[in-house]
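First the structure, in the form of structure tokens, and then the observations on it.
By letter and in written order, the chains are A, B and C; residue numbering begins at 1 in each of them.
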Amino acid sequence: MKTRPPTTTSSIAMSSKLLTATAVLLIPALALAGEMKAPEKIYRSLDVRAVAGQEKALIKLEKRTAAYWRVTFDNPPFNIFGPETIPQMEKVVSQIEKDPDLRVIVFDSAVPGFFLTHYNFTPPLAESTGLPSGPTGLHPLPDMLVRISKAPVVSIALIRGRATGVGSELALASDMRFASRQKAILSQWEVGAGLVPGGGPMARLPRLMGRGRALEVLLGSDDINGDLAEEYGYVNRSFDDDKLDPFVDGLATRISGFDRQAIADTKRLVDFASLPSDPEIAAGWDAFITSIQRPVAQKNIGRLIDMGLQKDPDVEARLGHYTQSLADK
Amino acid sequence: MKTRPPTTTSSIAMSSKLLTATAVLLIPALALAGEMKAPEKIYRSLDVRAVAGQEKALIKLEKRTAAYWRVTFDNPPFNIFGPETIPQMEKVVSQIEKDPDLRVIVFDSAVPGFFLTHYNFTPPLAESTGLPSGPTGLHPLPDMLVRISKAPVVSIALIRGRATGVGSELALASDMRFASRQKAILSQWEVGAGLVPGGGPMARLPRLMGRGRALEVLLGSDDINGDLAEEYGYVNRSFDDDKLDPFVDGLATRISGFDRQAIADTKRLVDFASLPSDPEIAAGWDAFITSIQRPVAQKNIGRLIDMGLQKDPDVEARLGHYTQSLADK
Amino acid sequence: MKTRPPTTTSSIAMSSKLLTATAVLLIPALALAGEMKAPEKIYRSLDVRAVAGQEKALIKLEKRTAAYWRVTFDNPPFNIFGPETIPQMEKVVSQIEKDPDLRVIVFDSAVPGFFLTHYNFTPPLAESTGLPSGPTGLHPLPDMLVRISKAPVVSIALIRGRATGVGSELALASDMRFASRQKAILSQWEVGAGLVPGGGPMARLPRLMGRGRALEVLLGSDDINGDLAEEYGYVNRSFDDDKLDPFVDGLATRISGFDRQAIADTKRLVDFASLPSDPEIAAGWDAFITSIQRPVAQKNIGRLIDMGLQKDPDVEARLGHYTQSLADK
């Protein structure tokens, strides 16, 4: 597992003392270059943020059998994903890649209402941009998503609650997705806030559901319920909420009994036919990093935080509604 | 805006005097090369054709806001699209490309029963082949379709009535398509008449709905209603007729409030993942132009015109039925 | 038509005398190289196998009209496809490619409960690997599938009963697929037995239904009914059983009246947009041949044969259930 570089760690410590209520995420160029030494970075402390980060287990790994693991996101109240989650996730992905007995992993959530949601906007951007690249050479977030897709084992996203931003992107990087018809919400909300999504949905959604529906998801930036997600192929299938867990567990159990080599060889050929290239994923990440530094995105995120983003359950639960209100002024 | 070359314009004047009832669209090689000087070209005058072409507004542009425009096809009674429509459409596309405030355009129709239908078969072919290439180097019809797909703004086709041939192709070149469940008919009817479709559906349909359903649409050449269009992903979604306009207007209004740069950057990456190349589109256009000169296509179009194509509302409304009757003898 | 090489034929005669109950398909390296001279190859005789192979018509060709043919699989009781079927199928494919009047072929079955099912596991592997390559340079099975996809005529699979393994792969190689809602079962069962599918589904399924659903079909390896096959786009559409034949016959009749050149030119451009390359198909075949020689696959197939594979209708009809029982021990 890669550890957070010391300069970044110390900048967190500094920045956490620099809470202000008025300036949010205004990141000077030096900070972006990872060379910031002085406390120019401004950071808003939120109840939901565990500054200690690496000490708290935000992701839990349960080995149901040697061949079948559960990876559970547990960062209440919203399952926000940020630079503090990345080292833990990297550890999980490395185990997934290396374990010789594993066949199938299921990603799920322990947080009611949220599968996994958007990126954490409260740490300074340099905490994200300053992280060392992963084995693919990509930033560690897209790096992990790419590695999950290419792993020689099967990954299944069990989606109950909101899968927005990183949550949607992790689901899309997984091999299969199953959703609760009543309780799942999927979305790529970023364009609604003036951002470009960073974790690959421009590459993955059109290959999954065709250009037209992908553009609706991305440029409409609205909440997609379980029925529509199934109709569009955003998920493999949606199930009535009480049927979802038995189905996914049954499928995972079934696959866990199959031959590891046959799984890996079959998946590798599907990968050839269906996965975007790493440079295409990198282009999406770069567009996200560029977009987040634009004044309009800074202003929109600031206004969303003022409305209650990362704090008010209603804002997190109805993100598609609140992004529209940005335009309504 | 590109103007129609003088030689072509004069050949229209000549050809319109040469109406015959028996020979239709028998185009000598010289005409195709754009060098025809004598009235060898044979042309059937139809009530529906506005020979004046450029003087009559066949397409209307309404700027609902600076960011949200409506482009309305208004060429009654059938919304046929031909060489006379091209310069007007080119003007609209150029505005779409250049306007700095635009975010979203909706294509719709003012003609009951027809969104936009097939290419106009009454002008001499040289009127089409003689048009100067567009900025992409393609013939102006595929040129405009390609430019709509790549424009930095969002295009939405609101389909009520028949979208056949060019109408289907414009819808497919648009970023999203929504249809009236009761009143939309989509089709690529060309193979049924011995033609190859020219506006890109061989490239776009398989990427949208998979090879099997695309081949059914193209080689079955039959009428597709709103329900099947939705099931196949020919459109994003179909709505009950009274729900279609509010939905599209709501989505367009929503997107019109988003940041122009975020829209453009996100769309550009979706384009990379989903758009066919220009040479692939050019190959389709060339196949269309080749096909229309074959005796079987000439005979079929002549017979369809005898049945009432471009004149009889029943032929235009039930084109899938009438193409089959060509084979039935 | 290519004939079976003599050395392979004689090894069949030898091996059929060597039936044992304990060792199945344990193929020494020499046998795989096609050089086996001694009776090391072990082979289990089954009631369902016509050793005479080429003398019995396993595939029937009916020319309903010059333009519309039916190709009917008739190898009761399960419509198993093996090296004995390949020369007959090659003869059919060659006719399809060469006939100047043909427009459309429909593949169907004369065997109740089975459209076409998995590869025949009872002949020695060398009977398959020893077959000369087809015109594409691929092994004759993937060669024929590739040629069907690229033929200048339309192919339609009418699926009633089980389409598993080769049956699913032939359906996927066809231009369109229509299924009985009540009586069709599609599956790629191979991974469930420790095999990699060999006839191209890793290349074709993701392009048809997207990566997520394709991986579910391939790695879940379970039976897919008519409803789910339609929802996933595994087939174009499913019909109530009594509506299937009239629909397919109507569509085939319709297309058979269209111009052959327009069909071919349109299909060729769809091919460009949607077909995998031959090397991608070859990689899948090679992965299958490699997988079948692994001890785990040999053991699984042996156990399935002990359970009743290729003999017991219940095993053939509920293959997804029996592969799971391999893991359950």
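The criterion applied here is as follows: a residue touches a chain if its C-beta (ideal position, glycine included) is under 8 Å from a C-beta of that chain, and two chains touch if they have at least 3 such contacts.
As the structure is a prediction and not an experimental result, all values here were calculated from the model.
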Chain C against chain B, contact positions shared by both copies (same if over half, else different): different
Superposition of chain A upon chain C: rotation angle, C-alpha, nearest 5 degrees: 120
Rounded Å distance between chain B and chain C, as computed from the means of their C-alpha atoms: 41
Junction residues of chain A - those touching two or more other chains: 207, 209
Interface residues, chain B side, partner chain A - complex: 154, 174-177, 207-209, 233, 235-237, 251, 254-259, 261-263, 265-267, 269-270, 272-275
List of chain B residues in touch with chain C within their complex: 190-192, 194-197, 202-203, 205-207, 209-216, 218-222, 231, 276, 280, 283-284, 287, 290-291, 294, 296-297, 300, 324, 326-328
